[in-house]
């Protein structure tokens, strides 16, 4: 069986990662890649793909996409993505949207991003965190692929929700590599700015804060306040999240993680602090936790472009088509 | 006036930084540098010093040091430093000890490090955080120079102590460049290990945790629990500390910082998140703070080898000799 | 068909890369991994392998290796490797030696390394640069896997040998990432030493100089002097070689490269300067060349741990067993 | 004595470095800084300068500059600089131009850059390489401050000119940190592009090639062909140049260097390969050389923003005003 697959928005980093993942996927067949500019051979746009894959980058066209695709990955900026969902949803195409457009409630979306132009489909979208929404993903035609920070944070925090003292704020100190800021030129991602540097940005009111807080309520089923501060770190790919929380009573933190994730092939409970290097290049999320009396420290790491974007999108697509979730998901890290 | 000055332990990074600071100091005259090995010309040990300074590296000898020095900087590992303090304290030499040997109470010291062999002088030592202990430093002959993590943490937290809800733990998420791990070879500081990587280490029970907690009580005069987790980041020098705390009532965080540090020439209150690059190469500590309801986020940055070690040692030495505190302290960052 | 495969020397970076390559290889079945220490689960030694592969690291034992392996990769330091070759060669095992022990003539070997203890097998070894020794590799039981610098240099230079003015020296300015220096602790690979730094080392008389010069004569069939200077660069993996040479007459450099490598799936002729990022993570060698009158500039890039070591070893093993050379060779770069 | 000093073009990296150098200069008093935009407090433009210097960034105005300055540093892009020289040269102001506008012959300038609009002053400009043009610099009112690549290359090569076989091309393999590409946003200096990467660019026909070749002829007084290939390396500041050349007869390379530079306080002849880390932050140029028969290898390193731009500009300004050349030149490296 082959499933015809397209990527809309192939110019950026997550688009490239999707291509790399799909090249050897046994079922999803990458037939077309689209971008608003750069209409050239794909390997001219992403030089590392020379002699690896031949595909032209085309101007996206809704009719053509609908006709030629059973599965579409949208690797577009927010606001742009909803135009495609709106045009494709009723055409029988399954869609994984890597943007933020369908991750939030309408209220929080418009507060953080812009006016939503496809309110109708908001309710049809499933938040694609496989470990927590597997069965819903399997039944939907529209997956809102989680953000990178929320992925690393939620996988770390959710197992502990029943044990948390909800009168205390939970603090998330997150650190992301520069690829998370995208390929667009900006003073922040200029090598000279961030090399030998480190800083927090958008503290407290980063857009991913709403995503994390809404999902903690939805998936965790408790009213909890999480305060989120992201930092930019001088490395290309990978993300590490450190969480500080207050417990109701003493717990065995590692046991709780192990019980929760025992059967999850892509969450590894670590016995020492998780590292970015062990997950970069893979779909794994590594988690470690430790308590000090009633204080809980959790640290988790993911590859921001894979588990935080493209490989999670692939896992969701696998589920949507009834395939084995792990099909084509990368396990082998770039380390050393 | 010239004051005869020695450095014991010149092989490491903080020893080198001391040399660099003293070369142009108008009063302290660097007469001798000592190390347990590497007995060669100083510029052979630290190649960047070729044609800049000529001094032989000698085997340390208590009698000689006492005779030829009015001021001694000890840039030694803990346990080693106390041997020198014990031998020099009564000889009329003023000592700045950059190790941990006199920073803690006896109890906490022995819990975290080893048996203390110079209990007597523990009580004579002054904790050398100039902004908070200026007058005591001016009167002592023995300064316990603060650790890098405690320096960045205490300068960030102390102004807010009166406003904190002491029933909540305060969380310190600290990030340090690799020079903080010292020059000694270790798998952790191998380039391949830490480049493109990031991880927490010694979470909760790092030795600096006791130093921070003891000083929060001493200088902050309140009973407060701080939970401290350091992370290693892929850059050479600099440190950033992010603090999460709970307030008793809403505050104007930046105003509190400005009021506190208005007259402090080496603490800069920032209106946006502090960055490592703005302080690397200087004695500055940059601090920013922001609240969200009753939650407080503070972020501060220092050069771990300067404000976190050698330039703070120099500030303390200036005070001990009645000189202007800022004499010879570096203000000009390495940026870009 | 499955071929029983072992790795001797699994502790280092090239050992790890071999494991990563073999995990998904369709024919070579990794049955055993050996090391002189670290006798624990393989995923405890290389943490990124947790939940990816289960194998114990064992003490190497010649009899056992011979009994249980049809193919052995030796990822050992020089001198150590020849002990194993000596003990295994006659046992019907095919061997790929990643060390330098069988790459050089006896004379040059002993000049550069140490006394050779297995002179006999020196003549049996084939230098495993597939593009130039494919048929010989297919017939041998012992491959001397080329060094990383020689691989990048020879692939760049050999096509141009007929056009070179042999009265002029050819200059090779090579730049290698720090993983090339191995996992062993050394001041040179301390993060603080090499981060924000760059320097040449062992200029002119690096050991790989002899390997390059001998192979230029053997494979290039001309008497040519190449002067080789390696540099260490602040990145983990990848290598770039820049070559400067004198021509007998004007040539079309890119055409010569294209003609030579047209049918080579793992050599890509580039139309702009080759980059490390396009090859890191792959078996590709990217080459670009340009002339200025009679002066020729060539630049080539490889992943030092893959094409410069482990994936080249795998290519050779594929050839030795009559498999398709490209089986299991990585094509998809780590970029971005 | 105080000399009124201005910087035109203070937004970029070399402008910032000039400010940093002038803050503590005993004679040159920085009165005004100009830029085409960013008209705010200087410390808002360069955040590291907060509490270090107070000066407004103003719109440049020829009349005002001429009235209020005895010395002007032009840290502008090429083509922009000549407008200011044209307007200021006759007003009795001494000018150090850090751009390329007066470095080349008219012919080579227009070949490499653009039409020259101030041909008149081309002949008045002195090429400001102090070690070779000291007395001319002292007498001029217009210094063409050398490029970074030419500075490192010429200081390395010039001592050997009498010994070179001029029938052979001399090859310069240069490596520069990313700050050399300037603050302007470009895909090349995006962190994700250059981190963990390395590549040659503009091989053979980089603009600095003409500057090097012209000065080799002018200062070296011989007809010599130098082929120049620059590479971009993943570090912020510093530059290393490796030179390959052919000798007429065997020489003692280090002795030649030592004889030449014995009395030069800012050229250090090294006994091992020069390193970027030993010079970053300083005005030093470190040089090492080694021969192999008739082949010569030279390697030199400088801080591209200091010796390759701003501190060299300051050295030239010192000479133009009859001050000690070394006044205010930085000697103390950023190392570790």
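Worth pointing out:
Just so it is clear, A, B, C and D label the chains in written order, and each chain counts residues from 1 on its own.
Quick note on the criterion: a contact is a pair of C-beta atoms (placed from the backbone, for glycine too) under 8 Å apart; a residue touches a chain by one contact, two chains touch by 3 or more.
Owing to the predicted nature of the structure, the values given are computational and were not obtained by experimental measurement.
Looking at B-D alongside C-D, one finds more C-beta pairs in contact between the chains of C-D. Taking each chain's centre as the mean of its CA atoms, A is the chain most distant from chain D.
Here the CA centre of chain B is 46 Å from the CA centre of chain C. Centre-to-centre, using mean CA coordinates, chain C is 39 Å away from chain D.
One simple way to say how far apart two chains are is to compare their mean CA positions; for chain B and chain D this gives 36 Å.
In chain B, the positions touching at least two other chains are 13, 179, 183, 192-193, 195-196, 234-237, 275, 277, 334, 336.
Chain C meets chain B in the complex at residues 13, 178-179, 183, 185-187, 189-196, 234-236.
Here chain B touches chain D in the complex through residues 13, 16, 20, 23-24, 46-48, 50-52, 179, 183, 196, 236-237, 265, 268, 270, 275, 277-279, 281-282, 284, 305, 331-336, going by the rule given at the top. In the complex of the two chains, the chain B residues touching chain A come out as 168-169, 171, 173, 175, 192-193, 195-201, 203-205, 225, 227, 229, 231, 233-238, 240, 242, 244, 246, 273-277, 280, 290, 292, 295, 297, 299, 301, 334, 336.
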